[in-house]
C-alpha cells in the first residue's frame, strides 16, 4: 500500500495519546517463541523496543531459549528429558543451559538491539545477585530447576537509569552456591512485580486466550483475574496456557496493572498492544 | 483510507531513525500564516509540537500575529500603515502590538498546547530580558520597530529544562526603556542561532522557493546558502521571499545546521519535514 | 534630612532580625491601586521586591489592572458594565481583559522590575495550566468571570527556583476551553495558600481596617480571623472591605501564616510591613 | 535622631545597588585592634558580618590577638620580647600563642557571631592543612615566627558552601612538624589572594593613609598600587603603615580587586565601606 | 617477627569481613589517658583513625585534656581543686580550660592526624552551636561545669560529608552566654547518640571491667546494660568506673548499638576492637 | 604461624600508605591461568578484588578462558586448531567461544565475587557496544579472530559508578555484524588505556620476566618500556612473553602509569603487588 507523508504524519500523531500514557512507565516483556526465531519478527521486536525506549517507556526484556538449549545439548550428545514440560536438569545440562542462555541467546539479543541503535546491557540472575533461587519443590527430582526466592531489582534499575535496555537471562544463584534454571515466564512475572511495572507482556505463538482453541475468532480480549478459576474449571484455560496465565494472575496480584498474552507471530505485536485502544491478544487486570 | 493496526505500527517504526536523529536537538519553529488561522491546521501544529517534545526534541515556538494586530487597531480606530512591508509603529500602535502579541496570541497558543496535553510557557522578549533591541535603522522613521542587539537565552533554556515548550512573542526591551516590535522571522533566526539550534523552520503560506513562482512543481528542495546571491540576481528569490530567505541564510551562517521554509497550509508539515527523508519545502544549509 | 553613612549602616543592621526571619520564606503580594499608577510608588514597589528577593525572600507578584481594562474598552467603544462591583464580561470584553492584563500590565511590570535589575518572568493562569477555573456561580450572568478550581503551583515554583520573580496575571483556563477573568485578590489568596506562603499582602488605597472609616487614627492593626464575623456584624468591616478581608481570612484558614491589608499609597509600604515590628496596615492571623 | 519607618525603608532601598554588586562575592576581613576590644564595636562587627552573609556576601574573618597573648604570657611569667615589631617566639611562647589564638580569641569570636544568630566555624591554619609555613627568614632569630608557603583553601570553601562564616586563627603547620605564628595581616592577604576574593579589608586603629599623619583631614581615599613606592619614598607611607600597605599591594598584585585599610574604631565601618560610594579609609586597587 | 608479604596479604584479607561490616557506619571515639600522652600510642591511634576512615568508617574523635589543663593552671599560679573528681571551675579556670582544650590539645591532634595524611577539622562545642549546656546541677558549686542540653550535630555531619575527621573539644556554649566545661566521656556519649552512631569507644587506662580489679585475667568481655545495676550492687562496678559505664549505658539506651571501654595502653586497641571477633576490653550492648 | 591481634592490627596499619596511594585509582586486572583454575587461588583473587574495592580502588576484571573453550569444543566434537598460538575460529567455534566466555566463565566469576560479598556485573564487549572489532590482519585466515578498533568505555564507567566490579569477557562486535574473539591480554591493555587506568596487571603462570628463564632468582623487577627492544634482541624477552610484554608496552605508551606481569600461582599476588614496596613480578613503566 502506498502511504503518503501526510498520512504517515497523521498516523504518528494518532499515537500521541498512547505515548503520553506510557511515558515513564515500566513494561516487562517476556520474549520467546517464533518472534525470537524468525529474523523478520526479531528485527521487528528490536525496533519496537528501541521505539518504546525513545518515547520514554522503560522496557525490560526477559528471554528464554528452549530450542537453542536442546540443540546444544544434542551437539554435546546429551539427551533432553522433560517431566510435565519441565526439563530435567543435571549439573552438566545446567552448565549448557547457562552457557546457551547467558552466553549465546542473551548476548546475541544485545547485539541485535545495538544494530537497531539501541543501548543494551545483557544480564543474568547472577549479576548483582538479581535472582536468588531455591530448588523447585516438585514430585520428581528435576535437578537444577529453581524457584525464585528473592528479586534484587537494584541492578535492573541501575541499568535503566543509565539508559540501557536490560536484557535478562533467567538463571539464578542458589543460596547453596549452585546455579538454577528458572522458567522465563515466571521470572518475568516476578521481575515485573518487584519493579512495580505497569505492564507484563508474554509473547507466545498463539493469538491469546481462545474460547474455542481451534477458532481464532473466539479470542477473549479482556479477563479479570477473578474470572480465571472459573475459566480453568470450564476448560477454556487448559494445557500449556495454565502456567502462562498463572504468571499473569500472579503479576497482577502483586501490583502489575496489566498482564498480556500476545501473539509474537504478528509483526510489531508489542507496539500494537501499546499503541492502540483494542490492543492485541488477551489482557489480564 | 482504512489503515490496520499492523500498518500503523509499521509506520511508527519507520519514524524511528528520524526520532533517533533528533532526540535531544533543538528546533526553533516560526509559526504564522494560515497555520495559525485555520483551527484544523492549528490543532495539527499543536499535536506535532507535543509529539516532537515527547520523543525528545526541544521545540521553541516563535510567533507573529499580523492579522490580529490589524484587526485590533481597526477596532480602536487606528489605521495600519506600512512602509516596505513594515508597520509604522507609533507609541499607541506599539501598545496594541504588545497587548495583542503577548496578551492574546501568545496566551491563546499556550492554551491550545495545554489542550493537547503539552506543557507551555508563554514568554515575550521582555521576560528575563530575553530580547534587547535598538531602533531599526531605516530610511523612513518606522517608530518602535526594533532590531535585536542581544539575545539572553537563559530564560528559554530554563523553560526547556523545566519541561516546558517556550512560546515566544517577539517584542523586545530597548536600552532606552521603550518596547520595540521585532519581525518574528528575524527574531526566530536570532534565537535559533543563540540556542545553537539544529533546525530553524519558518512556516509560510507558500510551497517553498519555486523556480517559477506560478508553478508549484518547480519547487527547489535544497539550497546551499552560497547559492542565494545568484538566486537573487536571477530573480528566483524576489519580493516577500527575500527577507525570509535572508533569515535562513543568517541563521545558517551563525551555526544553525538547517533552515527551512515550509508550507504551513499542509497539515503536519513540521512532522513531515522532521520525519521524512524528502522533507517538505525548501531547505537551506 | 541629612543622614550620615554611620546612621545608614546602623539602620541596615536594625533590619537584620527581620531579614533573618524572612529568609527562605514565600510572600505573595497582590499589587494594585495607586501603587500601580504613580510612577514613584511603582518604582518604590519594584525596589522593595528586588531587595526582598536579594535577602532571600521568595516574592510572588499578583496583579490586577482594572483602570487599564476600562480605558482599553473605552478605546474600542465597549462600555464597562458592573454588577455588585464585578465586571460583566462578554467574549469580546474577556478578549480585551486578557490582552490588557497578560499583554500590557504584566509585561510592563516585567520590564519595570528588569529596569531595577530584578529577574522577572511574566506568567498568567494559562501558563503551565497554573489556574483552572469554572464559571463563577452568581445570581446574575456575569459572563466569563470565573472562580478558581485548581492551582497548579509547579510553574510558579519552577520560576522561583530558577531565580525569577513570577509576576502573575489572574486569567484562568476553563475546563470548557474558555478563558475566565479571576478577581486578583482572590487569586492571590489561592496562590498563597497553595504555595504554603508565609505572608499574603494585599496592597490597597486605604490605611487598613479602620474602626471609624473616616478617621485614619482608628486603624485596627491586628485581627484574629475568628473576630471577623463580629466585626462584620458591627459594621466595621463593610462595603469594599468585605471581599478583601474574606480573601485574608480564606488564606489564613488554608495555612498562610499572616495576611495583610496595607496602604499602597505609602512609599515602601511592603518593606515597612516586612522590616518593622509595628508593620503597617492591618494584619490577619 | 528619630527616624521613621518610611525613612528606614528608604535607606534599605538605597543599599540595594551595593547588595547587588557584592552578592556572591568573597570579602576577607582582617579583624583586630580596638574593634576587637570594645564590646560595642565587637557587637557592631558581628552584626555587619551576619548582615553581609545574609545578603549573599561570603565573608571570611581572619583575626590576630596580640594583647591577649601578651596578657597570658605575663600571667605565666614569660616576658614579651619584640624585634622590629615582631614577637620573639620560643617554643613555650608559641604554645601560649596557639592556645590564646585558636583556643580563646577564635572560639570567643565564634560564640559572639552565634549570639548574633550567625553560623560560625572556628578554624586555624592547622585544620585541613590550611596554612603551611616555613621559618621566617630574618636577620635575628625570631624562633617560631613563620612565613606562608602554601594556602590550602579547600577547608575554607567547604565551610562557606556549608553555610558557615569561617573564623581563622593564623597559626600554621610547618613542614618540620612545628607550629608557626603568622602575622594576621599577611595571612589575610594570602588567603584573600588564594580565594580570589573581591575585597580584602584590614581593620586598624587609624583613619587610613594620611598625607599628614597628624591630621585626619588629609586622608588619601584611593591609591593605585603603582603609586605606593613613591608614597614610601616621600615618607607618607612610613612606620607601622608599611607592612599593612605591603599586604594590600601584595593582595592586589595577586588578583584581589580592592584592598582597604579602614578605621575599626568607627562603628559599622565594614558596612560603610561596602554599602556606600565614598567608602571609608583608604582603598588600594 | 619476620612476616612475609604473602602473610601480610593474608592478614589484610582476613580483615575484609570487618571492613564490610563497618563501612558507612559511624564510630565515636573518646580519646584520653595514656594513649594521648605516649607519642608511640598517639601515633598508633592516628594511624588507626586514618585507616578506619579510608575503609569507609566515619570516625568522630572526642577528647579531654585533664593533665594539660592542670599543668597550665600551675604555670599561671592557679591551683586545681576537685570535688568528687570534678574540677571546680571559676571564670579564670574556665578560660584556661578553653584555651588548653580548644587551642592546644585539639589543634595538636589535628596536626598529628595531618601528619598521618588524615584530613582533620578541629571543632569545639561552640562551633556551629554544636553543644549547648546549662550549669551542672550539683550539691557543691562547681562553677562553669556544665551539662549538655542540646547537641546540634549538623556541623559534625557537614565535616564528615566534606571528608574530614571531626576532632571535638568538649566545651559548650551556655544559654547565658557563658562557656561551660563538659566531661568528655559524657559529651562523647551524647554525640554518639545524636549521630545514631554504631559504636561508642571510651579509651581508658584499664583493661576493661574486671571481676576482680586487681586481676586482669578476670576481664568481663560483654555486658548487657540490664546487668549494670546488679554489677554495681555487687561492687564489681565501682569508683571511677561508675561514670564511664553510666556513659556507656546511656549511649546504648539512646540507640548506640555498642559501647566499649577499651585499654588505650595497648597499641592499636581501636583497630583490634573493630577488626577482630573477640574485640578488646568490655562491650556494653 | 600464630599471629596475635596486636600484630594483625600492626600489619593493617602498615598497608595504610598503599591504600592512600591507590584510593580512587583504576586498576585493570587480566585474570587467567592457574589463578582461575585452582579453587584456593580463585577464592584468594576474589578476596583481593573485594578488598581493593572496599578501600576505594576501582577494579576492572578482564578474563580469558582457553581451557574451558577447548574442553567444550571437545565435548561437541570440534577440534581445537592453533596457528602461532592463536585459535583458528570458524563460525561454529566462535559460537562456542562466546557461550563459554560470556555464559560460563564470566557468569561463574560473577557468582564467585558475589559469594565473597562483592557486587559484580558480568559484561562482554557486545554490551553497550563496549568493544568494536575488525578481522585480525594475519598471514593465515584465522576466521573470527578480531582486533579492537574502538573501546566505548561508557558502560564500564557506568558499572563502576553504580558500585559494581565490571567483569569482562573479551568478545567484540564487528562492524559487519559478526562477533569476534579478542585476545584477553590485548583487550585488557586497550581497556586500561581507554579508562586512563593507573595500573594494568596481567596474571600469568610465571614469576615475571626472568633474565635466565630457567632460574626464578633472575627476575627482573622493573623495566622501562624503552629497554624492551634491547631485551627482545638479547633473547631475554622471547616466546610466549613477547605478546604479553607488547601489551604492557602498548598500555604504558597510551598513558597507563604501570603495567605488571605477575605470578598468579602465588596466593594474593595482586594484593602483594598493590600493598608492598617491592611488589611482585615485573613492572613496566
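Labels for the chains are A, B, C, D, E and F, by order of writing; each one numbers its residues from 1.
Convention: a residue touches a chain if its C-beta (ideal position, glycine included) is under 8 Å from a C-beta of that chain, and two chains touch if they have at least 3 such contacts.
It should be emphasised that the depicted structure is a prediction, and the values quoted were computed from it without experimental measurement.
Against reference pair C-D, the listed pairs A-F, A-B or B-C yield one interface repeat, A-B (criterion: more than half of contact pairs the same by residue number). Subunit A and subunit E, compared by their mean Cα positions, are separated by 57 Å. Distance between subunit E and subunit F, defined via averaged C-alpha coordinates, is recorded as 46 Å.
Once the centre of each chain is set as its mean CA position, subunit A and subunit D turn out to be 70 Å apart. Order of chains round the closed ring, starting at subunit A and going on to subunit F, comes out as A, F, E, D, C, B.
Subunit E makes touch with subunit D in their complex at residues 72, 75-77, 95, 98-104, 106-108, 110-111, 114-115, 119-124, 126-129, 155, 158, 162, 164, 171, 173, 177, 179.
Every residue of subunit A that touches subunit B in the complex is listed here, in rising order: 1, 3, 5-17, 19-20, 23, 44, 47-48, 50-51, 54-56, 116-117, 266-268, 271-272, 275-276, 278, 280.
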